[in-house]
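Some structures are shown below for you to check.
Two complexes follow with chain A in common, the first pairing it with chain B and the second with chain C.
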Partner chain A sequence: MSQGVTDDQVPAGQDPVLAVEDLSVCFEAGRQLKALSQVSVTVGRAEIVGVVGESGCGKSLTALSVMGLLPHNATVTGGRVVLEGVDLGSLNGRQRRDLRGRRMSMVFQEPMVALNPLMRAGRQVTEVLSVHSLLSRPARKERTLALFREVGLADPEARYRQYPHQLSGGMRQRVMIAMALAAEPSLLIADEPTTALDPTVQSQILQIFLDIRDRLGTSVLLVTHDMGVIAEVADRVTVMYAGRVVESAPVSEIFHRPAHPYTAGLLASIPARNADRGRAEDLPTIPGRVPALGEITAGCPFAPRCERAQTRCLQEEPGLLAAGPAHLAACWYPLEQDRLPAPARSET
Partner chain B sequence: MARYIAGRLLQAVVTLLGVVTIIFFLVRLSGDPARLLAPQNATATDIARIRHQLGLDTSLWSQYVHFLSQALRGNFGYSYVQDQPAMHIVLSRFPNTVELAVGALVVALGIGIPAGILSAVYRGRWPERTLMPLILVGQSMPAFWSGILLILVFSVRFHLFPSSGQGGLRALVLPAITLGSLSLATIARMARGSFLEQLDRDYVRTARAKGASGMRVMFGHVLRNALLPVLTITGLEAANLLGGAVLTEVIFAWPGVGQLTVQSVNSRDFPVVQAVVLLAAIVYVAVNLLVDLLYGVVDPRLRLTGAAP
Partner chain C sequence: MIPAEVAAPLGPAEVPAAVGAEPGRRSYRRVLRWWPLAVLAVAAFAAAFPFVLAPNLPDATDLVGRLKGPGTTVHGTSYLLGTDSLGRDVLSRVIWGTRISMTVAVIAVVAGGVVGSLLGILAGSRRKVLGGVIMRFADMVLSIPFFLLAILVVAILGPSLVNTVIVLATVRWPRYARVAFGQTLEAHSREFVKASVAVGVGPWRLFRRHILPEVLPSLIVVATLEVGLMIIYEAALSFIGLGAQPPTPSWGAMLSEGQQYVSTAWWIATFPGLALFVIVVSVNRLGDLLRDRLDPRQRSPR
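Presenting the complex of A and B:
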């Protein structure tokens, strides 16, 4: 489908737009609950990096940490976030706020509640320009109308004056994206941007991300639970489980040669990949459930659900190890070549 | 919209008829006004004559029919005590009550909303820990006590404000504080709860993700959303205040409708009591309708669907 950067390389020779390095985040709930444990993700220029995992794996929390919008009871306890060479941890609140919306912006999952219900769609976008630009009021409106056209909103003048409840789900998400793009950020973070939308709208919205990547060179960190979305737009993928990165690789590596049994399990449970197998009941599932915060003990957090687990897995937590070119996996006994699932993506 | 207002007006007529009927029979349970009007040594025939003059010697039912048919023509009877139309007396007092009610609302909103916002924003910290108990104290003190306390301190001791009567802003201060402190607590609590709820909403996070400052998030986004429930409660409070504040008006000798109510109940001045209650009911219904219409102005979700809130 779409590959902006060739599959087998992390963009080299240039600094990444975003580098999350060994980020740890704890929740304060009577005791410290570790929600993120040494998470590392990088996003190169004009690259779309998918962060994938089940609910509660820490993928949204990673996104919010980057934005500096963690909930009140969560704190960063280790590691750092570097945006275009600037360590965000070294900035004060005001400097950090200045980057939000301007250098990095965020699109949220449910646009109905993510937009202010009492503010017209147009003003919600022009507000970004009021905060971050010196444009005059008419210029802000002009720019907003242009943004509306860019994200595929028909009749932008009418949309400009409407309130969120008067727009369809897809339109609202387009308004959200226009808002996120208003100040031409280097990094766009999208947290489950298509989950609340129906499938046809979903692929239209994903197409917008590809467009802006190609046209504006915007980097995208795409958080999703949906491997199908990843297959459609991502260049590289980071798989998270229980607040940790368990595998990271270019998208074709992940789909063709997953090294972590958890990734393989996720891939096996995509309905489309199994269309030829017939009935939906035949879909394989991963047994067990994600451990709750504070439930994780020694060893690999996936071990209790892993059919390949050995004694070592229950005693010692694996770090990220090379599993191929630009391919890392946190597994003592990664899947070997002979155990690969059949390739499912049609490459032309 | 016109349909909606027409519906509400029809509802209002039914409400007012009910109120008028209840008060008509209720005041007649309070005793015989003729006995109060008659001089000490009046004979039974004197009292009967007074009763006849007031039209109280006919059956209750025919009195009621007579009252309703007159009321429909805008005639609410003459006061038994003062030789004036009852509604005229009530309306002459009404501006004073409006003045006091506005003063009390200014106190309640002017202090209540900022206090509510501060308590929500500084949840669990010193602003909330000082403000909320203070407000609770203000609410817990009955008007007859807090009013007298204010008079003692600010009129008797420091001679800052007059202790009674009406005239000018200075005279309004103490009664407005006394009356407003009750609504203040309700409004502050509602504002605090509403702000806390709104601060957790996703659109607040979106606004912060845009890089908006704390002030911008609060006043550009949260305030309007959070004030919707405050508007409702303010309407109810305003309607109550406009009905006359009996205790406060009596304590400060404020010549409003509340004071008139006490006087006319004591003297069994039925037409005046009826007129007071009718006016209060009309004001109550009108203010509530106004608030519902305002809701549509503030919240576009209610305006454009045309649905009743």
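Presenting the complex of A and C:
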């Protein structure tokens, strides 16, 4: 289901909306724990980029660093985040806040708790407009109702007056998306936006992301652990493991020609919908577990779990290497291609 | 079918009666539980309009009617709760004392509460440096014994009711700061607060619209419980002569005067003490009731 801009990393001659460049983030917990290690992700205009990985691989942390909402004990130790040509690291708190909502916005995972229980749904959206002093008071209401229609809320007038507890999970997520879209940001970050929802509601919500991309040209950074979600909406995919980007490619490449053994393992672990194998133990898994922060030693962080690991993998950490057109993988012995890795480190 | 037959012998009259009786009795009890409100309403009225309730002026002396027992009538003036060593009406002084106690307690709670809450919320919102400084300072203040600090402040400013309020607010703000700090941290970890920040809500609006409504219920409970404590502290300071100065009818000062006569004129110290006891118990009970109603841990997810 990948459409639009796919086969090129970023359309030539056009700056990406978001460029995360070699971002490193450390947690302060008695000692420095490196949570993100030289993560690079780019999102082009009107592009939906998926970030996938297991829990704790740093995908949410990447999203939070872009928003500048890192937990108080985490600090950026290297790299930069560039939003529409502006280096976010060079901004002060106030300038940064001004970009939130207006240039970039975020949708959270749990619609049940991501709305203020004491505020009516409509008010939560008009608040975004008044924060950025957009529109007059009556116009804000009109705009909110229009946004409610846009995200597919039936009977927007009634929703406007309701409190979050009166809305279903799907409705709340729509209100969240309306909030995030209110000030027309160029970039929408969605952190597991459908994880807490039913499968049917899930695809409706994903459809909204496709809609706004097509109609408003909004770029989306979609953080998820669900390869199914990626297949449904993403143009490009970045696979993360242990705070690193291990593979980055257009969505069809990832699904048809995964180069990194970890990506291949993730894909193999998706339960087949209509397969004959009925027993749970037949579902392939990746042995072992994600290394804890600070546990990572020399070599490829995935090597201990990788059946293809060689001595080189245990000694030297691979950088991102070209594994095909617009396809990067951090693996010394990528799958399928089985050719010698090109020594040059490519740009993302 | 079978369940219906089994249920029938239980008696149709029995079940509705039990069900019907329960809610009525419960709601009756539920109202009675709030008795502290009634006591405090009377006290508040006495504090606001002591001249309506008090039969005599609180500082009118009657040298003939000194140390008369409860119920004595002197020159046609009856003293329901007796008179003190200067012949002043104990009842009237207790009633006027309500005004002193309540005013001092409420002002001290409001002053300490507002300062402490704001500092606590600020500390919880700016955790990195400012928060640490504020909370360590709060710890320092808490580490100094109350009476030591009170004596120090009074020694500098001189004994008076105004200074009593200043002492109480100075000593008690860390209590609110700690509660506000903890609640603010919790509020900041709430997803909807993060979501508001993510759409560009600034600190001031965040505080007003999202943090304060989360923090306020706990602070109200603390403030209510503190009112009781402040009444006791005011009486204690006045008792040792650092608070209200004679002839101000403070309960603490009255207890202090009365204790010299406990063996001969028990009523002088007993009635102010009784008033103190009733008010403090009521305030604390009200605080407990409010805690049951407002405690975030008991709030169901909305």
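The rule is short, and it goes like this: the second predicted complex is superposed on the first by the 320 of 348 C-alpha atoms of A that agree within 3 Å, B and C clash if a C-alpha of one lies under 4 Å from a C-alpha of the other, contacts with A are read in each partner's own complex, and residues count from 1 in each chain.
In this text, a residue touches a chain if its C-beta (ideal position, glycine included) is under 8 Å from a C-beta of that chain, and two chains touch if they have at least 3 such contacts.
Computed from a predicted model, the values in this text were never measured in an experiment.
Enquirer: With chain A superposed, do chain B and chain C clash or fit?
Expert: Here chain B and chain C cannot both sit on chain A without a clash.
Enquirer: Which partner does A:R143 reach: the first (chain B), the second (chain C), both, or neither?
Expert: Neither: A:R143 stays clear of chain B and chain C.
Enquirer: Using the superposition on chain A described above, determine whether A:K34 touches chain B (first), chain C (second), both, or neither.
Expert: Neither partner.
Enquirer: Should A:E110 be classified as contacting the first partner (chain B), the second (chain C), both, or neither?
Expert: both
Enquirer: One more residue to check, A:M179. First (chain B), second (chain C), both or neither?
Expert: Once the two structures are laid over each other on A, A:M179 reaches both partners.
Enquirer: Quick one: is A:R45 in contact with chain B, with chain C, with both, or with neither? Answer first, second, both or neither.
Expert: neither
Enquirer: Of the two partner chains, chain B (first) and chain C (second), which one does A:R97 touch, if any: first, second, both, or neither?
Expert: Both partners, chain B and chain C.
Enquirer: Kindly classify A:V128 by the partners it touches after superposition: chain B alone (first), chain C alone (second), both, or neither?
Expert: In the superposition, A:V128 contacts both chain B and chain C.
Enquirer: Select, from 7-15, 61-69 or 187-195, the region of chain C that bumps into chain B once both structures are placed on the shared chain.
Expert: Superposition on chain A puts chain B right on top of 187-195.
Enquirer: Common interface residues of chain A with chain B and chain C?
Expert: 67, 69, 97-102, 105-106, 108, 110, 113-119, 127-128, 131-132, 163, 165, 176, 179
Enquirer: Which residues of chain A touch chain C in the complex?
Expert: 67, 69, 72, 97-102, 105-106, 108-110, 112-119, 127-128, 131-132, 163-165, 176, 179-180, 182-183
Enquirer: In the complex of these two chains, what residues of chain A are touching chain B?
Expert: Those residues of chain A that touch chain B are 67, 69, 97-102, 105-106, 108, 110, 113-119, 127-128, 131-132, 163, 165-166, 176, 179.
Enquirer: Can you name the residues of chain B that touch chain A in the complex?
Expert: It comes out as residues 201-203, 205-213, 216, 220-221, 224-225, 298-301, 304.
Enquirer: So in the complex, which bits of chain C are touching chain A?
Expert: For chain C paired with chain A, touching residues are 127-128, 190-192, 194-202, 205, 209-210, 213, 301-302.
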